[in-house]
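Sharing a structure, written as structure tokens. Questions coming.
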């Protein structure tokens, strides 16, 4: 269990950090300004494509993808400190083509897609020329239990017909978003975990309608956007099914492991940035005759933040290490643990920073409020905390009985 | 210490509850739709003025104002359960002309304004025909310590000249907002708490510029709006000073007592609504073969929420009772306590409700996310938690020494 | 809902406070010394009977008992502030004949006992000449669920035969303890809540054996003592049954309401004392060049302690008020709430005080460590927190459905 | 940063685990019984010396000591998982001669003692034939600030004369305890951190008096015992000074690093045992028709316990790794972090286990209550939490400024 980054990773860290400092962070405000001054919030600020080109030119591209043919071929443990760096800025992951949900979708296509599917959708995604969304969650049922899903995927000759309503199809607001991976039931009579399938649905297929963009705490997250999409008698060729009928649940499990830990890595990055911002702020503000940094309660916030970040980082590394060495399935307790820990730690650290910033903290002058809102969704996305806690307990109870 | 509402208050509660159910709650979405479809977000949805007219016609008007000549003449203890009801909806307080910061400003004018000031500004505020803002907080200093304030108010002949930059001038985005109460220093050489003064500044005075509206967690809070305002060589007649030079700190202290507790009462109202929404939601959703309402962890959330709300409500009532009986100054420990408790309780309850709602919780389909963001500002507004805690400790330590 | 103490109660508070300051507190160390120097820890330090005589002479006696014929005739709301005062010292409740479990046992006898039972057992208990224990909890089952109880009470002619093993029969170590109220099953085939009965068992009955005294965090709580008692073919006259066969559960419910709230009142008293001790300590100790009282983190402990105690006290008063006005059954949500709140608040406050005291805090030089251990049992006694939380949630969910 | 145990360590783990299962755990009750049936609590249960002999014979001896000449020569990282195993039982550390405060004292003698001191005191300590105590903390001052120390060590010819009162001289109750390391001031006029010295004082020196044994939450911790010792005109040869005059603070700093982390390792061991006990208990008890293990709230306790233990363990390993690689001084932020984390995690886990056990949890039938009390002292020993948090914050603030 060696967490020390290799020389290769250290070099990438240095390169990424430099890129963040020189390119990404200074462009956060530019991105926002371009978005604000554009005629619509649903078009891409030019600075994004410029930054992408630069990152790609430097080889800082698709680092998330363990596959050596298509991606950087890094292990989870190698990727962790790099994803953490990207997590420091809300606009960074896309710059390096490491943004959810495209990352998860690309992994699905690499692992379970056939050659045609890969040529048509994986290559442009890897290239960053199109983007994708993932249509799984439904507004009408508790989607924390994947067996609740109601969308139907029915075979009709050479086609499948898809009907259903999905939301939190994140990235669906992006004009470059061309393809959705849709989860639905092909056989409601099959065993519980073999009823679901995943299928590729180009967004320009008749019957696909983006109903609206769902806000998150007042943020529209433009131009990304969390889309609510209705699928009404949508017909796609039968070969668009991924892996095969009834494989939806299995793919989801495979997809979620890396997806969850990527969120965690990034959460630690934003927590680290919030702590740095807090330390800077309290070092410079004075109240009641003392620097904020000299007030005991605020020092306690700093110490607790450092303590919590440090532990969350180590647990992330351990989970990544286990995924690399014993596989995603054997590592699922560790994945569940870090999925609970990392967003909660980040929320606490960001919240303390907000408090230390006073009114500026809840405003959008600093990245703290937006970061909080964003991380808050991660206590729900890919399974709510309480479901993960229950799984952890089940595994603990089971391993006790075995002994 | 009798917390039982009088017959008069019970009647008002019933009337208010009916008004909320019949008029306000059904109009929440109408208000939002009118705002969304208007050419600008900074104009008033017609439904607001319609509701105000109805409320006024029913006598549900200015209930916050203890003054019998100008307001409803209710004590703080009587007003508490009524403010709680209003707190259930973000649009309700204005409907009943009980919205911050107008309430605080009206109280200042009732208590410290001279007859001219009252005629010109208090009467239209009481009437609901204009609105006001309060310019105290400054972006460049830690305003939790009021002595940090840098804006200057300098006497020049028959006028005062005001220079400074203020933000969180809430309500400054509203086109009906006509007047600001500005806090600044008239005499930086005076004793610490006599340097500040408050002065009335009509918003159409040359040199007053609304620089921008500050967002709160992505929300612009239109058409209310938290304005950042620059005051550049702004000249107003000398008689616009309130009470007198050097009285700013004293007025602020007087203003903040009731203001703080009104926030607390409303916080309890929104917490109560969040708990009700959560209970309704979990009663109807099923995951893993069980109603959410039958899952132990969620039941714990419900129990803890009820326990915390109940205690916060009792403490609010006690603080109100003490303000009524021993005065705001003698009640300042109780005010500080409830100012810490109520927003934190509401945040926890709302956060649990968000979690129980899943993705819907962080969206703007339900009032939870917006409520959370709004209440989060209350851990900072009118003094951050940590400053209140420090005051409480100081009072405890002092009373121990006396014994 | 008037929490203001009446003139009568204020007079009793003053009298009790004076008695505590002059008699009880100075005798805490005397009690301990007499216990330590006695040949056995299971005999009564003479100072206890002296204090009892003084208290009785002053009429500070049986204040807990709402019954006017047998006790002080105070309401729960009137008794609350008095019990709080008694709660300040571990030896105080017995001084005023208000010690558990005798209080609960006396209430059972007043409410459900027949004349013979009252004459034989209630009168000497009221007089303070004997003491009693309550044998309900069993070591072999989860007694949080009263239907788990296994002890049997079988009718045999004019007698009942009792078999079972009970622990946490508190007070069973006391040489003056003469009588146990034993809960067991008379009819395992009856409906769930009518299987149990309660019966009076004199401790000198053949077959009753005190197996041992159970320690609490290293404390033997001598000379009171939590006894583990085996009942082997114990025969008592049939008329020893209380109220009737199958009434055990109903009596337990009736018994626990007041018992629970008395524990809560006393918990607040000990929390208040811990806060005072902490304030005194930190006012006098210096570390790193500053009084502890001037260090931000410690001031936060003081503030949070005051905030939590204040709220717990108000909730206790509300629960007491409701028991007085709508009855124990209708008040059971409030009773459950305060049963969760008060011990947890006291534990947090005492723990902070321990921390502020440093090594002295965990020692037995100050009453903090013993108080913590004692209060810790209250998160389990009379129902563990989690069971009460579940009840609160059930009531919330039910009242929502009704609306 | 490789946390994977080496083959050597894995072998030791296996050997230690087997020894624990076969020898130590079954003898916990034997130890207790022998102690209880002995004429005095201050003599050594024979089973202890028997177990020590067995452990020594197996080479499970002095594993704590990194010095290769005198000890096992393990690094901190290697020792961590072994200390964790020993931490599972309160009697285990002594069995392996790895008990505080002897471990710290031996390290001081190895590092700073001269040859005579080592021959006379270190060798018998290493051999397990005598035991020692550490007299630093004083009852009259806040010892969290070591500069507060008042005991005096005054040179008088060839001797030093020691005067002072110390408590928490743990192990001082043990009849085998022969030597104390005493900290006092040799030069109150020297710079703040050069006033203190440490000196060896044989306990049979005239003027040394064990005043009493200080209890911890009702436990006397016999036959170890936390002694309060008065030193009155105690004269020892000048060569008993360790390292030299004015070196006391420096030695304390050096001593505390390893001491602190050993406590943390053991805390994790006891937390792990508490979790196992809880899992076993809830797997077998039924309440309200369901196994406790199937109740959501209890499953949450299990999950949170696992999550917290896992993180604490990783942070312990990281701190140990850093001590090994960059040294105790450079690792002091990590040491401070784990010193805050580990005891708090253990307390929470043990407390949940206590709650799950019901009344049995607070009794001494299971090791939980005693473990809680023991770990509670660790939030104070070797520096209270709040002092460590303050150091962490100071280091964070400083490293920010440097950047």
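Just so it is clear, A, B, C and D label the chains in written order, and each chain counts residues from 1 on its own.
Here is the rule we go by: contacts are C-beta pairs under 8 Å (C-beta built on N, C-alpha and C of every residue); 3 or more make two chains touch, one makes a residue touch a chain.
In UniProt terms the chains read A, B, C, D = Acyl-CoA dehydrogenase.
Everything quoted here is computed from the prediction, not taken from an experiment.
Counted as hops between touching chains, the shortest connection from subunit A to subunit C is 1. Seen from the Cα centre of subunit D, the chain whose own Cα centre is farthest off is B.
Annotation: 53 Å between the Cα-based centres of subunit B and subunit D. Computed from the mean C-alpha positions, the centre of subunit B lies at a distance of 44 Å from the centre of subunit C. Spacing of subunit A relative to subunit B, judged by their CA centroids, is 37 angstrom. Shared contact sites, meaning residues of subunit A that touch two or more other chains, fall at 295-300, 386, 389-390. Every residue of subunit C that touches subunit B in the complex is listed here, in rising order: 1-4, 275-276, 279-280, 283, 293, 296, 299-300, 302-304, 306-307, 310-312, 314-315, 318, 333-334, 337, 340-341, 386, 388-390, 392-394, 396-397, 400-401. Within the complex formed with subunit D, the subunit C residues making contact are 137, 139, 141-145, 148, 167-168, 214-220, 285-288, 292, 295, 297-298, 354-355, 358-365, 369-370, 372-373, 376-377, 379-381, 384-387, 389-390. On subunit A, the positions that touch subunit C within their shared complex are 295-300.
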